[in-house]
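Chain naming follows the written order as A, B, C and D, and within any one chain the residues start at number 1.
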């Protein structure tokens, strides 16, 4: 069945909930309303209020209570409606969820999925992209799919994972990205990147919506004779560096692209790992594409200028190719 | 007068408070107790409860109320006793303080200093190093001194700055680092790095306590004929890249060292900026020194293995020199 | 009854303006049904008092202090004349009029920021300066469950800050009913736990509400500290303009339609001798003023590169 | 009076153990003066109930459920036999005994985590499984002002979770007195705002406190939801072992020395016929058991590379 990105996620949650009663959801407006941007559509009708639990506007307690429930036998999915509210649960995520397994010397673990919506979206609301903070924190897994089927398969893996998984959904991908997604599907092991387009001239490593912009940029460059390989990172932690290095050894040119602010973004970490382990593979400086250093503006014309786009990716490719 | 790192900070605060009544402090245990680790020693005696305001254990409201007071005419210094509690005020820092000036189109500004103590300390309590999250957020300035006099001078600058400044104090430096610090001293413009040791073979760029470990490493390498230049970053935002590049053009070898976790740390951003703008200056891969990917352990022997030390810096230097 | 008449004008301006905003932006958060709660909370303050209205329907509170209608409409339409130049959410307002701007949309954190404005005033008072300003901040019943509600009010109570907290309790948080986030009692009952006065009142009666608020304002002005007030009202529309609110019962909505604060106020004004014609004129003027503002502002250019402000992030 | 006698044993074990911990670690947070509050809160629970004691003095609550003394001492001394292998703060405990571990030291967040344990129980009950476990969580009077206090208790009230919140109100938060973080009322008065029962009680009377806690436990067990209890007590020592607490008046301390819960309990036990000798023996045993444990554990190796666990961060 052809499903959008969000439909694939919802289908994956439903499938996991059917097979494991320990799985339940905590979130705001996830009941009859169907979730922000239809993010839990149909789940309340199928699973009812016991398993689709609507919470007060208490982000810290929502995440904290999911952690406690996970430590004591359940497998909750807690949804922070938008990434803009993740800072409110920051301490729960980085100090409680991340630490439990290690600090208890393996006695306890926290099989919780923390879902949230990142990036710019069709309605422009709550558009923060804070993903870079989390791979810095040992104990968390951080997943950030760009494709519909990957999103569903990674959600299945996240739910089954015995560790806290931050599952970051891109709002532009939500309804715009679709593909064939079977009803029954295997979990995709967390921690693998994917070459989504093969090419020989330059490697573009991207996350979320920028994967799609990189793909569009690649098409536009065909006529210029530039053959672009695009890698969808998919998981920030653990990071699949090997796939990136393999591509770079072929192309010798690297562009890294994400929607988040460029400075301090996750692109920096990818770049640093390359500069540390595969510097000799580079024929040119590493170019990063990311948002400029201003707070995320609200009005559409400003937002459009703020979010990195195809042209930015193309400019970066030209820059590294011209070096 | 010879002052320790913390004494220099306290003296700077006192001097600014004397000359500007709008400056006051909010914090926990900053009164008669003299502040965690003597971080506000003598201020209560001099300035009393109006200006040295002890707050409830309410980190979000502490920072939020400091922001509001700053927007409405005061110049508060709000102290989050330890970096471990910064996540509790995360939203106030990254969404309120950082956004006000831009979002109000310059109508308002937030001259607040948010002080906190990072890193491992003599008592091993609350040892998180979360500095890397903040330079990612436009609108914040992020200061992280390693030397006593710089700490005092940067505190003066932070208090006078019309923007929110995150002032991150290293706990190992607190009582262990001392130098001559005059009673009257100029503010040090925020945004300059400093070459704290000249050398020709390799550049070590470091922050906080690792500046001191890098200096010690440099001494140990003299006998091996390796001449190490050490740069104290001092300010993460704005970052003084020029000073780093200038050094690198001389040494062609780069090591970046910090106490925070290596993955996703601020070292990644420095590395990425080099790989983007000065790749040709490198004769070897960029080596990063940072903490390993485990939560910060508590017992002394584990903590000592966890925090990067001189040996780690030396190993990294040898690695890039041997390339 | 001059106060109710003036309020009636403001309430109608609010209704007309919000309807027009909702029409031009399907994601606007309408205030319909809560106009009395908003106007009753912010009426009768001094221009130098600081206000921090809830994100839902704050425009009328800005207008009550002299903010330009066209410039607010400009924010909604993304035009260059908006105060925030397209940067902040459209419902923010100009700080120059002594308000707390909406620079982020995570509910609750701005309660602490508003508390800080009161701290600034208290600090000046403690320094011996004559400053009897107060802060009035409003927020939703859903927002009352965020940690900042607790931390900010407690801080204000401990420091006896000159601030009045008003919960605009419209009984819903997007699609969730009150009982999904509060167990039974009134929000005002939380006041006792902080050692401050708490009052729950009919938020659809702007005069009664305003009396309660102004009493708390006087308390704050005279150094007696903060208060918590709950204005009970109802969100007659969906959460945003386009939301048909199929998650709740039409019967419930119908009951509250009967208590439409504008209809109630109109009835009372008629009882006290105001003519149909006079009241119709108020209504007509509001609608016409708003329509004209929208017409004028639509002519203006959209925000663009000049507003992006790549080098306007830091104050100098 | 068997309960008080048993409690007396635990209280003495707590005192002796905490004194020894404080002696070997100048940064230990001693419980002296609050033993009745701790023992009275956690006495009489079932082993399968989940406990989340406050960071100050939790060891006795672990011991009451069968945790090994030597392994706790190992945590304090940084020895290989500690449950947490030197990783967590020394005052953490083993989850296998149904408790919430201390994996971080930012106060308040663990209130939400403890609430989650109660959610897990409620979830099983709602699924029709027989599960009448409850959670008892304690925290300080300073911690009661963190946002998580508010969010967690409100969540528990809305979901009617089987949990009892106990505030161990020792009237100080490090060097700050109660009135620097609370304006007047008792902490228990905050309960009404959440629609749950609140009781403030003498925390130096372990039996009275335990009666109040066990009544709330029964309430929680039978599905009637959470309660908030305040145990009024006093921290007789500094915040940590080395802290001489020069920020407070010796007179205040002297008054509370008179109310030392161990002396009070001893008096009551004597009144009810327990001999000096019997009571001295309890005291002597506690001190001796602790001393022997320390002696044994000191022989063990310190934690080292084997405990660092570079590849033990993720569960597999």
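Here is the rule we go by: a contact is a pair of C-beta atoms (placed from the backbone, for glycine too) under 8 Å apart; a residue touches a chain by one contact, two chains touch by 3 or more.
Everything numeric here is computed off the predicted structure, so don't read it as measured data.
**Student:** Taking CA centroids for every chain, report which one is farthest away from chain D.
**Tutor:** Result for max centroid distance from chain D is chain C.
**Student:** Please tell me whether A-D or B-D has the greater number of C-beta pairs in contact.
**Tutor:** A-D
**Student:** In whole angstrom, how far does the Cα centroid of chain A sit from the Cα centroid of chain D?
**Tutor:** Centres of chain A and chain D (C-alpha means) sit 40 Å apart.
**Student:** Could you state the distance in Å from the CA-based centre of chain B to that of chain D?
**Tutor:** That gives a centre separation of 36 Å.
**Student:** Can you give the whole-Å distance between the Cα centres of chain C and chain D?
**Tutor:** So the centre of chain C lies 44 Å away from the centre of chain D.
**Student:** Provide the C-alpha centroid distance between chain A and chain B, rounded to the nearest whole angstrom.
**Tutor:** 30
**Student:** Counting only residues that touch at least 2 other chains, which ones in chain C make the list?
**Tutor:** Residue numbers touching two or more other chains: 84, 87-88, 103-104, 106, 109, 145-148, 150-151, 154, 158, 180-182, 307, 309, 312-313.
**Student:** Do you know which chain A residues sit against two or more other chains?
**Tutor:** Chain A, residues with two or more chain partners: 55-56, 58-60, 84-85, 87-88, 91, 95, 99, 102-103, 138-139, 293-295.
**Student:** If each chain is a node and each touching pair an edge, is that a line, ring, star, complete or other?
**Tutor:** Its topology is that of a complete graph.
**Student:** Within their complex, state which residues of chain B touch chain D.
**Tutor:** Residues 28-29, 31-33, 54-60, 84-85, 87-88, 123-126, 292-295, 297-302, 305-306 of chain B touch chain D in their complex.
**Student:** Where on chain C does chain A make contact in their complex?
**Tutor:** Interface residues on chain C, with respect to chain A: 27, 78, 82, 84, 86-90, 103-109, 142-143, 145-147, 173-176, 180-182, 246-247, 302-305, 307-310, 312-313.
**Student:** Using the touch definition from the top, list the residues of chain C that touch chain B in their complex.
**Tutor:** Contacts found on chain C: 50, 83-85, 87-88, 92, 94-96, 100-101, 103-104, 106, 109-121, 123-124, 126-127, 147-148, 150-152, 154-155, 158-159, 307, 309, 312-316.
**Student:** What residues of chain C sit close enough to touch chain D in their complex?
**Tutor:** That would be residues 145-151, 154, 157-158, 160, 179-185, 187, 189-196, 225 of chain C.
**Student:** With touch defined as at the start, can you tell me which chain A residues reach chain B in the complex?
**Tutor:** Listed in rising order, the residues of chain A that touch chain B are 84-85, 87-88, 90-91, 94-95, 98-99, 102-103, 128, 130, 132-139, 237, 260-261, 263-269, 271-272, 274-277, 279-280, 282, 284-288, 293-295.
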